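Some notes on the structure that comes next.
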Amino acid sequence: MYAYDQYDHALVNARVGEFRDQVNRRLSGELTEEEFRPLRLMNGLYLQLHAYMLRVAIPYGTLSANQMRRLAHIARTYDKGYGHFTTRQNVQFNWPKLVDTPDILQELADVEMHAIQTSGNCIRNVTTDQFAGAAGDEVADPRPYAELLRQWSTFHPEFSFLPRKFKIAITAAKEDRAAVKWHDIGLILKQNDAGETGFEVIVGGGMGRTPVIGKTIRDFLPEADLLSYMEAILRVYNEQGRRDNKYKARIKILVEDLGAEEYARQTEAEWQAIRNNPIDVPAEEAARIRAFFAPPRLEVLSDDVAEVDDLARQNFLFAAWVRNNTGKHKVPGHVHVTISLKPHGGIPGDATDAQMDLVADLADQYSQGEIRVSHAQNLILPHVAKRDLPALWKTLDAAGLGAANQGLLTDIIACPGLDYCALANARSIPIAQAITSRFDDMKRLMDIGPLKIKISGCINACGHHHAGHIGILGVDRRGEENYQLLLGGSGAEDASKAAILGPGFGEEGIVDAVEKVVAVYLGEREDGEEFLATYRRLGPAPFKEAVYGAR
Amino acid sequence: MALVNLTGKETGTWVHIGTETTIEDGAVVAAPLAQLVDADESFFKAVGAVGAVLATDADWRAVAPLANKLSFVVINFPSFSDGRGFSLAVRLRKDLGFRGEIRATGHTIPDQAMHLLRSGFDSVETPDAREEAFKAAVKRYQVFYQSDFTGRTSLAHARHARAEERKAS
Amino acid sequence: MAKKLSGPQMVIANRLDDGRVVFLDRAGGWSVTPANAAVADDEDAIEALANVAAASVAANKVLSVEVIEATTDENGAPWPAHIKFAMQAKGPSVRADLGYQVALNWEN
């Protein structure tokens, strides 16, 4: 993991001091709310329905056991005993007081964490593959580049007051677990024919009320040129992105208006003009950062572990958990383990302070003190020896963290919705709870197989409904919560936009509709065919017929 | 209004003129860009020194033909959230090589002092009540993660400065 | 606040220092209890409430002020009519153990 040096510490501490000063100036009335709002947002502080909400950055989803313990401490001391892990690999506290937030930021700074640029019209926390550094299928660990981008984008003098928020994601694996094509900038780490490392650069993806899949503007950008190229993309956007209408202010609209070719041309021209300035870091700095992400020294072990096989034979739930929640590691005899924060009937992404402390202890004991957060709102222990799985699972299961549903229908992404969010039109969490309760049967879930349900409580699409195999969008229909059903989206390398199937439903009706859609899939699928493939093969007609035919 | 000097370079005083204003010979004047684009040589001969007042949405390319006639530039922020003003200053320094004073007017806030300074602004006009906060904000950060076009190099370079020097020698 | 409103109105806001949901009460102060909310039935009375609220915003006591439609709860006390504001009055529906719905959980 990256470790702060004296300069990183100084910057984050200066930021805490600055925010303490800003809070005092707001309380005294020296700053108006209009002026304070963008400043607090750039420190992750929102006002939600019931209280302020603090969004803490977990840079590229990586945190240490000690950092997780600090999050538990903050939940306990300043909040109501829980936190919420988000689709952008961050964590949110739902009840902090404005007057306490400078102290919370200091607590974070002391463990090399912050809430810088987790909101606001600036470059947000860079996200990546939750299995980075552990996954068997990656070209290289993408996190050193994410850290490079974190530093470059932090307090950027020119790009802190952009037309709108700006999100960058990086993946280095064949399987895109970071949804890069749905980001303002998506980067795919790859090697060219000469064996050099670089990026495919994608711009103009985004969700919200106008979902757009990003377009490639450069097939191969040498890794050493990353920052200067980012700067060129951002300058074009900062100058020309629309500022007259916030719903048309994202880069996706500018890329659509100019056309991807023209955006690429302008970016290239600007990049040629600036690339010889000292924007990109010296090779020594790239090497310094990379060294922090050196793979942990793991003993090469056998993949055949009798204790695991024995318990799996005796205990179906353990067998299901091993199958669904663990994945291939670079080092033989090891796996990465997904700790599901999706207990059936529970709140997706929530964890109590005690659960956070437990996960921290388990990370120390079994995973080199390292934890990840996924955009699917789960936690990951990235480096676990297979032989430790029985003991790990028993401890997790006893703490309500043993759900074996990673990647299955009940591994639902849901935004906080109208239960917390001031922007929402409808609740999301109760829909997730109703669906996971209805499908509370592991055998049935495993028969259904991989199926991603994503729920948003409003058009802003924080629950990624456009990218759901099954997407659900909550709307306000004459004062009543109403839910639209979308099918066929994907956030992966085969990114696609989900399409609305038909008229919306009430709370009960949407759960029934999901069940009918699943029934069509089960009846129509070919051997080994997953839900999305069946939908793509058949199109919406049979699903429409099943859901609306009898109405 | 207070004038906060960000860079420590000498700041100028001038009069703002509109289309109807008569100009005294040798006066230091700030005029809207459009007016300067249309002005003939006699105008530039008559005034002592001239600066352009730019809106944040001004195209830097439109300033290019005038750049060597301008002693200073004023960039007027309609709102502090209009970040185009920062890129515009960067363009003046980076693409036009403009060395004169760049001043921010309009709505900016003390928390943007470093953004202004590092984008190429020399001075900022602000209500008196904000002068002290602006001055304090300039001193808050000592190191930066980015190189900028005012000659500051990034922390990434500073961390390895000795290695760089060795390479250069 | 230009939207057309109908029927009795009340005013909801969040306190500046801690974000707590509050209601403009009959004494012109801010109460955490919706039952204490002042309810206005005619345009003048609504405007008077809005003016008190605006003064409170200017004095940096509250923010996010909304004049909202009022109904009554089962005891006949003022209660927000729209689901969003009712949610604010109660706390998250998925955490019955938190928020106003647990009167003692949050100190006033």
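In this document, chain identifiers A, B and C correspond to the written order of the chains, with residue numbering beginning at 1 in each.
Methods note: a contact is a pair of C-beta atoms (placed from the backbone, for glycine too) under 8 Å apart; a residue touches a chain by one contact, two chains touch by 3 or more.
Please read all numbers here as calculations on a predicted model, not as lab measurements.
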Arrangement of touching chains [line / ring / star / complete / other]: line
Furthest chain, CA centroid comparison against chain C: B
Averaged-CA centre spacing for the pair chain C and chain B, given as whole angstrom: 47
Centroid distance [mean C-alpha coordinates] between chain C and chain A, Å: 35
Distance from the mean Cα position of chain B to that of chain A, given in whole angstrom: 39
In the complex with chain A, residue positions of chain C that touch it: 14, 16-21, 57, 59-60, 63-64, 82-84, 87-88, 91-95, 98-99
Contact set on chain B toward chain A in their complex: 80-84, 86-88, 90, 94-95, 109, 111-112, 114-115, 117-119, 129, 133, 136-137, 140-149, 153-160, 163-164
Footprint of chain B on chain A - complex, ascending: 5, 7, 10-11, 14, 17-18, 21-22, 25, 30-31, 35, 38-39, 121, 151-163, 235, 238-239, 243, 273-274, 277-279, 281-282, 284-285, 288
Chain C contact footprint on chain A (complex, rising order): 26-29, 33, 47-52, 80, 95-99, 347, 418-420, 422, 424, 427, 429-430, 433, 479-481
